[in-house]
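Labels A, B, C and D are assigned to the chains in the order they are written; within every chain, residues are numbered from 1.
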């Protein structure tokens, strides 16, 4: 059976499982599934942007904006759970569009640095406006609006499944080829009539929206928010580690990566948590090992394993061998 | 009350400190185009090196600096050849993640070995200041500035005069042409990475008596170094120093003259980055210049 | 005349696209060989293969009789192969003198650095005037001269030039070619790659015609000038084009005869 | 019936029988589960280690005095690493409260992580008893509100300033000038409003109030403005890392302010070692400092020894490391929880709550462990704080207690330059 069809079946089973678990009443498992879903959503969002050659170091900016928009809508305007998620989504899309317009020509390392500056800028603004955002002391969500943990888990699972579907649709649309061309060489893409700005706007709006949705749903689960947490660089790095671990530029990559990263994170924390500093040390070592020995992630590993056992599935994937920018 | 004089003194001293933070980073970034996310951790290692020598044997940080520089050079060379060399051809994101992973590992080895407590070295000069009427100049920061000037001068001289320095500048500008000259580009990458690490630990030694030493002090300094290199332009040491002083003056101006400005000052650095990146995508002074 | 350089059945390209198919050329010591071909025929790919910047998929590169396939690009200049690359690629913010010093970075050339340096300043008087000027601020012609001088600083046995006349005014082309002929007179064998067929054939002993990745014609400069394929595809018969003025130029033919002696 | 199936059937039947057998027995000895979320990696690792030490020392002392069980129950310690991350803290609290159903939760340590633990605990109707030996932010007190199962065994932010202003008023009299320097982080913001309120109430006037960025490389701009205002008191509100750099810069600047008032940092050995000479005449306020003249509790002399004996036992176990206030807080909270189960002979939270509200012991942490209502929260113990001053004796620095009167070992002195 071909690798991709196998993964597609696995994907459907996984989607079904993720949607079912919140109903099973196992709080521990449901919590881990929730965190995996939010990680998968932001990993998919980062992976989509990377697919168009835009490496972002500012995904915690989108996450934080989504979280703050949802929290402030709920607290100040009394907006309920689902509509506040929608506001978070829209705020992320607007920030994505804004970022695309502002960083019109930037590429590669310079685009990455601009996004890092954006995220850190948002953190400073959140700290310095205490009456709006609660400042550094943080902001608690009104508990009266709280919809119940199980409902939050279900919405998160649906969000993850939708994000996977969106990324699958994008890869099937004509956008996919424009993004691959832009990733390979933006000038060349321009010459063949792809207007990069239009595609950058769409991909950043979509990617921003997804990342902000993840932030918004997370703040509802946690109930507390402060600037250093909302715009924490750890979120940006987890958003990158998952696609790299799973297999960058592929559909299954971010999802496989989110599962692997969560398994690794929880594993090291639960077994080695008692000795201070060890859990994050193991995480760092695994990250280094993975970048060195699994450059194309688990998907690449699977592909090589399948290619060696069966006749080559199709020609060597030019898009996987990314030319030096 | 005229704050201007003290403002100028503080800005210049802070500019020297920021130059130190960015000098090592700008060399390795200018030559290899890799953002070394672990550079902050090398500064932290230098600071802990100075701290332990000071605490156990009472060695003054400045006297311990040469030995720590040699150690930093060797560690940098080792880290490059064993890890970073293998991702030179990989896409940017793999390089970013690899160096961040290395940073994470060094950080938490420090936590395990030396605990998360705040440390600092307190040699004589770190707690005294030269007072000229209203204005006072802390010796600690003055020495920091002097070391920064010395390191910048040494580096520029090395780049201009020596064979290796010329080769590094050639690789920074055109790798293929440099290969045609008979320059082994990977060896030059390793050399510039090792020198960058040596400068990093030297910065750590100086910083150990100016700001607080903790395992997590590295990352904020790296973010500052990135901002400085962007403002000052890529790979040119003089441009980097200019970027450092621009940032220092802006931040100190905010802290002195804007109410609650010190809170906003860090945001200023990021606004500067966005503005400059949009006007001149390769930084203020443009391409590589010695 | 012993064989200096031999490329045999080279297959090479980038990613999926093949550029060179079964290409074989040789250069003997003391010879002036040209490789002419249209844009995109694979000329630059050939120079990248022989200097080691590009690993060929198949075929072998032999220099002075032994294979140099597994010798790294940066070690080949020490053997005596030096390239002035396409587009000159001098180090823009380094001074002329620094560019030349870098030319003799390889150990073999470093020992004779001072004598080679003064030779270069005699061969290219314009460069000695601009010794401390930044290479990036010089004109195209001067940069081409610097590129050739920088390549010669390595004291090569074989000098490879990649489109030396590209983008230069005709008058400057003459100076550049005079310098090439002058170098040939000092016993350096030269392989130069050109689109400017008239200029190439005017000073080359022997040449190859390259079209989409393989050699279509090989022979002495005279044979190539007379051959119909070269006439049709490269030389326009009727109108007197600037290159033709060059052909009739006494200085070039006179220098050419001297070399043949 | 296939041979294999019959075999399988018998095994499952037997195992079901044995499980039934021991079920009732297990019920009687249901273990006493203590959940301790602690930041054992990440930014607050220093606090997490102190939390772990405090709890482990309490269990060790309990085992040596009472044996391995409490009221015949096994003591089960569930120590989970929050990695100083809010999201992980939320899932740990969910796990402890819903899955593991702990009987008592002690911790978490850093202010931010403590704040994150409130919603997941509060939204669960069957929430366990929660003893919080850390976390001073009044934002947490507001969110917890008058919850019957929440016991705060550390001081809220305003207690710092009640005690500080009391000693300043006693020594300096009112109508003196005070200058504030506070960080824009959670710590500074949490304290500045209460500090201003109590300083004004005490009759001082505020001549400067400088905000500085957390983790800034240079605090000079604030120091210069404070020097210009010529205050009598420099009142600083910042966490240890910033406080180290700030103290050194104030010492170097020689601004001549007679009284240097801090919060908890001056008591920490970590801060004292880092700043060296610059710690001279800094005052600090905390729940505990070495050398307090606290006597042992008559009824439980071994569990609650005198402060001096407790410290010697601590130094013996942790190779002569000076204990810090967080460690003593965690020790006393754990012992109180164990005593509650032992005295009420149950792990039912209502009984434990009732007992905690009525108990009153003399502890090495403070003279009384009685819970009283604070401004919002119902149960606040160890609110009485100690103000001390770093004084140089010979070539060593010593913490001299200057407030409250009954524990004072010296008078508050002005700094001499």
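Here, a residue touches a chain if its C-beta (ideal position, glycine included) is under 8 Å from a C-beta of that chain, and two chains touch if they have at least 3 such contacts.
All of these numbers come straight from a predicted model, not from anything done at the bench.
Colleague: Which chain is most central here if centres come from C-alpha coordinates alone?
Modeller: B
Colleague: Can you tell me which chain lies farthest from subunit D, using the average of the Cα atoms as each chain's centre?
Modeller: Farthest by centroid: C.
Colleague: B-D versus B-C: which has more C-beta pairs touching?
Modeller: Output for the comparison: B-D.
Colleague: Centroid of subunit C to centroid of subunit D, CA atoms only: how many Å?
Modeller: The mean C-alpha positions of subunit C and subunit D differ by 78 Å.
Colleague: Determine the centre-to-centre distance between subunit B and subunit C, using the mean Cα coordinates as centres, and give it in whole Å.
Modeller: Centre separation, subunit B to subunit C: 44 Å.
Colleague: From the mean C-alpha coordinate of subunit A to that of subunit C, what's the distance rounded to whole Å?
Modeller: Going by mean C-alpha positions, subunit A sits 52 Å from subunit C.
Colleague: Could you tell me the distance, in whole angstrom, between the mean C-alpha positions of subunit B and subunit D?
Modeller: A distance of 37 Å separates the two centres.
Colleague: Considering subunit C alone, which of its residues make contact with at least two other chains?
Modeller: Answer for subunit C, listing residues that touch two or more other chains: there are none.
Colleague: Could you list the positions in subunit A whose residues touch two or more of the other chains?
Modeller: Correct list: 127-128, 275-278, 280.
Colleague: Residues of subunit D that touch two or more other chains: which are they?
Modeller: As it turns out, subunit D has residues touching two or more other chains at 41, 45, 49, 184.
Colleague: Any idea which subunit B residues touch subunit C in the complex?
Modeller: 163, 166-167, 169-170, 173-174, 176-185, 287-290
Colleague: Could you please specify the touching residues of subunit B with respect to subunit A in the complex?
Modeller: 33, 35, 83, 86-87, 89-94, 96-98, 100-105, 107-109, 111-112, 115-116, 219, 223, 226-227, 230, 260, 263-264, 266-267, 270-271, 273-274, 277-278, 281-282
Colleague: Spell out the residues on subunit D that touch subunit B in their complex, using ranges where they run on.
Modeller: 41, 43-46, 49, 184, 210-213, 215-218, 220-222, 224-225, 228, 240-242, 244-245, 248-249, 251-254, 270-271, 273-278
Colleague: Would you pull the subunit C residues touching subunit B in the complex into a rising list?
Modeller: Subunit C reaches subunit B through residues 51, 53, 72-75, 77-78, 82-83, 85, 89-94, 98, 101-103, 105-106, 150-151, 154.
Colleague: Can you name the residues of subunit A that touch subunit D in the complex?
Modeller: By the definition above, subunit A touches subunit D via 27-28, 31-32, 35, 127-128, 130, 134-138, 140-141, 143, 146, 149, 218, 221-224, 226, 228-229, 234, 269-270, 273-280.
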